[in-house]
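Scrolling down, you'll hit the structures one after another.
In what follows, chain A forms one complex with chain B and a second complex with chain C.
Entry: the complex of A and B
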C-alpha cells in the first residue's frame, strides 16, 4: 500500500518535471507518433498483399500487432527507470543513493522515471486493437475483456523481465548488450505477428525461452475465437502466467547481481 | 556500547585496463582497496577518517553503509550486517556525499523531503517536527520552494544534510561535506554537526581532506593508507610527532642582511616579509633570534606553528603513502 502511495507521488513529481519543458515534450511526442505510425503503416501495407497468412486474416494480424504494441509501449512508459535510467545510474554511481534507502532497488528504479511521450505509441496500438477486433468481428464478452487485460499485463512482466536482463549485464560492466537487445526489440518485431508463421526454432524460442507466444498469442487467438496450438480455450487463461514466472526468475537473478555492484570512485 | 565493529575487513577491486595495440586480452590488475582493517566506534563518537586519495576511505564508508559487499571480514553496525540487511540498515543511517547529490535535481527541495518521508515511512507529525527543527537550524526556511539545481553549493550542502537527517539516523556518514564551501558556510556546518552530535548522540564518521574540520570536530582520528589502518587515536598526539617545524615571519625597517643563517633554516621572501622555517630541536630559537636582530632593525615579528596540512603531508611522506 505504502509502495503504491510512494509510486504515485513519485509519478506526480516526475510529471511536473516533464512539463517544465512543454515544447520539447510536445515535439518528442509527435516524433513518437511518426515512428510508431510508420511501423503500423508498414504492417498494413504488407498484410494488404495477402488474403490470409496461415489461418489469420488481416484483421487478426492487426489485432496481434495492437496487443504487442500496447504491451510493449506501456512497459516502456512505466518501466523507463529500468530501460533508460538504470545503465546511467550504474555508470555514474548514482545507484549508491538508491542502495542507501530502505526500499527495494527495483521499486526505486521504477519510481525514478516515466516516459509519457509513449502515450502516442500506445494510442496507435489501441487503434490497431480496435480496428483488428472490428475487422475480425470479435464478439466481446466480459471474460474476453479480462483475458485481454491479463495477456497485456503478463506480457508487460515478460518485457520488463527482458529489460531487467539488460540491467543485470550493466552491473557486471558488460557494455555489449546487443545480444539482449536482439531479444527485446527483436522479440517485439517478430512477435507482433503470431508465432505459428515462423519456422520451428523461432517458434520454440518464443514459446519456451522468451514466451511471447504464451503471454500474447495464445490468449489473442482465443479472443479471436481460434486456437494457436489447438489447445482448449481454458489454457489461454493459464499460459500468460509464464510471463510472471519469467519475470520472477530474472528478478531473483537481479537481486543477486546487485551484490556485485562496484560503485564508482569518489 | 560499541556501535560499529569491524574485523579484518578486506576488499579487492579488479581494474581492467584499455587494450593496447596488438594485445589480445585486456590487462587486469587487482587493487587491494582494504587490507584487513579492524576498528570499533562507540555510540555518540565523532570520528575523523583521513588518508590520501585512493587510500580506501570511501570504500570503507560504502561497505559500512551497505552499498558494497566486502570480500572478507566481519562488520556489525548497530548489530546489523549492512550488506545483508540493507533495507533495515538503511533506515537507521544517514549518508552525505559532498560530491554527489541525493535529492531530486529538478524539483523544489520540499518535494524531495516529502518523497523521503514516504520512502522512510515516517509519521507525518514526527516528520513535520523534525523538518521544522532542521530548516531552522540549517536556515533553509526560504529555500524550501527552490529547485535543487538553482541552489548554491553551500545551500545545497545544507539541503543535503537536512535530507539525510530527516529520519533521525543513529549514524551519520559524511564524505567530504565541506568540499568547495566558503569560510562562513564551513564554520556554520561545523557548528551544526557538533550540535547534532551532542544533542542527539548521533555517531558521526567524517571522511575529509580538510584537516581544519577534523581538528575542530573530531575527538579521534583514524588514518588509512594503502588499505591499512595506520593510526587510531587523538589528533594532538598524532600531530605532536610531526609538529617539528616552526615558522617566523619577520619584516625589517629597511635593508637586512640574512646571509649568515645556517642552511638548516629555509628562508623565503613574501613581499616585504621574510619567512624562516626551522626545527627548534636542531637550531636553538634563542640563537636564531639573536642572529635575526643582528641582521637589521626589526619592525614586526610573528612566530607561527606550521600549518596542519604541512604536518599531515609530512606524516604521509614518512608513512610512505
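Entry: the complex of A and C
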C-alpha cells in the first residue's frame, strides 16, 4: 500500500516538473499528435485503397489499431522510467543511489519518470477504438468491457517486459542496445494489424515468443464477435494472462541481471 | 581554397560516421525486420484487392525506403548541443561560412550513414523471392536518373535540416520543432505508407512537396512508375526545391547570426 502511495506522490511531483516549461511541453505534445495522427492516417489510407484485410472489415482494423495504441502509449506514459530513463541511469551511475535505498529497484525506476506528452497518442488510440467499435457494431456488455480492460492491462505488462529486456541488455553493455527496439517497436507496428494476416514465421513470433496475439488480438477478436484462430470464446479471457507470464519471466531475469550490475563509477 | 576546406570537413565527418559500426549493424537488423513486416502487410493487402501498381514495385519501394532511412532521420546532434551550451561561438570564429560548414557536415553524415546501411540491406533484399525483395531497375537509364535524383533529393533534405536548426537557434530547444518536422517527414516521404498507395488525387500535391523529393521521386524513377521521359521534370522540381530551401536557410542563418546571443560559456 505504501508503495502505491509513494508512486502517486512521485507522479504528482513529476507532473509539476513537466509543466514548468509549458511551451516546450505544448510543442512536444503536438509533435506526438502529428506522429500518432500520421500512423492512424496510414491505416485510414490503407482502408481507403484496399477496403478489407482478409476477414477483417475497416471497423475491425481501427479497433485493433486503437487497442495497440492505447496499451503501448499508456505503458510509455507510466513506464517512462524503464522505457526512457534507465539507460541513462546505468551510464551515469545514478543507479547506485537507487540500489542503496530500501525499496525495490523497479519501483524506484518506475517512480522516476512519467511522460504526459503521450496523452495525445492515447487520445487518438481511444478515438480509433470508439470509431472501430461503432463501425463494427459491437454490442457492449459488461464482460466485454472487462475483457477490454484485461487485454489492455496485460498488453501493458507485455510491453513493459519488452522494455525491461532492453534494460537488462543495458546493464551488461552500459550502452543502450537499440537492436532490442526492433522487437518492441517492430511488434507495435506489426501488431497494429491482426496477426493472422502475416506469414507463418511472423505469426509464430508474435503468438509464442512475444505474445501480442494472445494479449491483444485474441480478446479483440472476441469483442468483435469473431475468432482469431477459431478458438472458443472463453480462451479470450485466459490468453491475455500470457502477458503477465512474459513480464514475470523477464522480471526474474532483470533481478538476476541487477546482481551483475557494475557501476560506471562516475 | 574554400572548396578544399569544405572537402576536408566532409571527409572528417565521413570518417567519423564509419567508426560507428556497431550502431550500423543494430540499425540494419532493425530496418530489415521492419521491412519484412511491411512487405508481409502489403502482401496480405494485395491478396484481397490487387492494385494497378505491381507488388514488386511496392516491395521495392519498401526496401529502398528502409535502406535509405538514415537519410531521412539523422541530424547533427552536436549542433543542437552547441546552440544550447553556447559552444557555437567557436564555430563562428572559423574562416568558413557557418551555413556551408554545417551543410557539408550533415551531407557527409547522411550520405555515409545511409550508404553503409543500404549496401548490406539491399544485398539481403535482393536475395528474397520475387515480389518480396528488391527488383532490378527498369533500365540502365532509369537507374542513372534515380541515382541523380537521390543525390539532389539529399541536398533538399540537408537544406531542410538546416532550416530546422535555424529555428532551433531561436527557440534553443530542438525537441518540439524537430519532432513535428521529422514526423511530417515520416508520413509525407512515404516511409510509413508508400506514396504510390496514397489516394491518386492526394499524390498530385504530395509528390510536389519537398518531403517527396528525397526518396519518393528517385524510387519512382527506379521502379518505372515515372517514365524516363518524365525524369527532366522531376529533376527540375527537385533542383528548384533544393535552391529554394537552401536560400531560405541561408537567409535565416544570416539573420540569426546578426542577433545571436551566446548562451553563457
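Quick note on the criterion: the second predicted complex is superposed on the first by the 261 of 266 C-alpha atoms of A that agree within 3 Å, B and C clash if a C-alpha of one lies under 4 Å from a C-alpha of the other, contacts with A are read in each partner's own complex, and residues count from 1 in each chain.
By definition in this document, a residue touches a chain if its C-beta (ideal position, glycine included) is under 8 Å from a C-beta of that chain, and two chains touch if they have at least 3 such contacts.
Everything numeric in this text was worked out from a predicted model, so none of it was measured.
Look at A:186: by the touch rule set out above, it reaches chain C but stays clear of chain B.
By the touch criterion defined above, A:141 reaches neither chain B nor chain C. In the superposed model, more residues of chain A are touched by C than by the other of chain B and chain C. Judged by the touch definition given at the top, the superposed model places A:51 against chain C, while chain B stays out of reach.
Of the two partner chains, chain B is the only one that A:261 touches; chain C does not reach it. By the document's definition of touching, of the two partners only chain B reaches A:5; chain C does not. The part of chain A that touches chain C in the complex is made up of residues 23-24, 26-28, 30-32, 34-35, 38-39, 41-42, 45-46, 48-54, 177-179, 181-183, 186, 189-190, 193, 197-199, 202.
Interface residues of chain A, counted against chain B in their complex, comprise 2, 5-6, 9-10, 13, 16-17, 20, 93-94, 96-97, 99-104, 108, 259-263, 265-266. Interface residues of chain B, counted against chain A in their complex, comprise 13, 54, 58, 62, 65-69, 83, 86-88, 90-91, 93, 95, 97, 99-100, 102, 104, 106-107, 111, 114-115, 118-121, 175. Note for the complex: chain C touches chain A at residues 23, 25-27, 29-30, 33-34, 36-38, 40-41, 43-45, 47-49, 51, 173, 175-177, 179-180, 183-184, 186-187, 192-193, 197-199.
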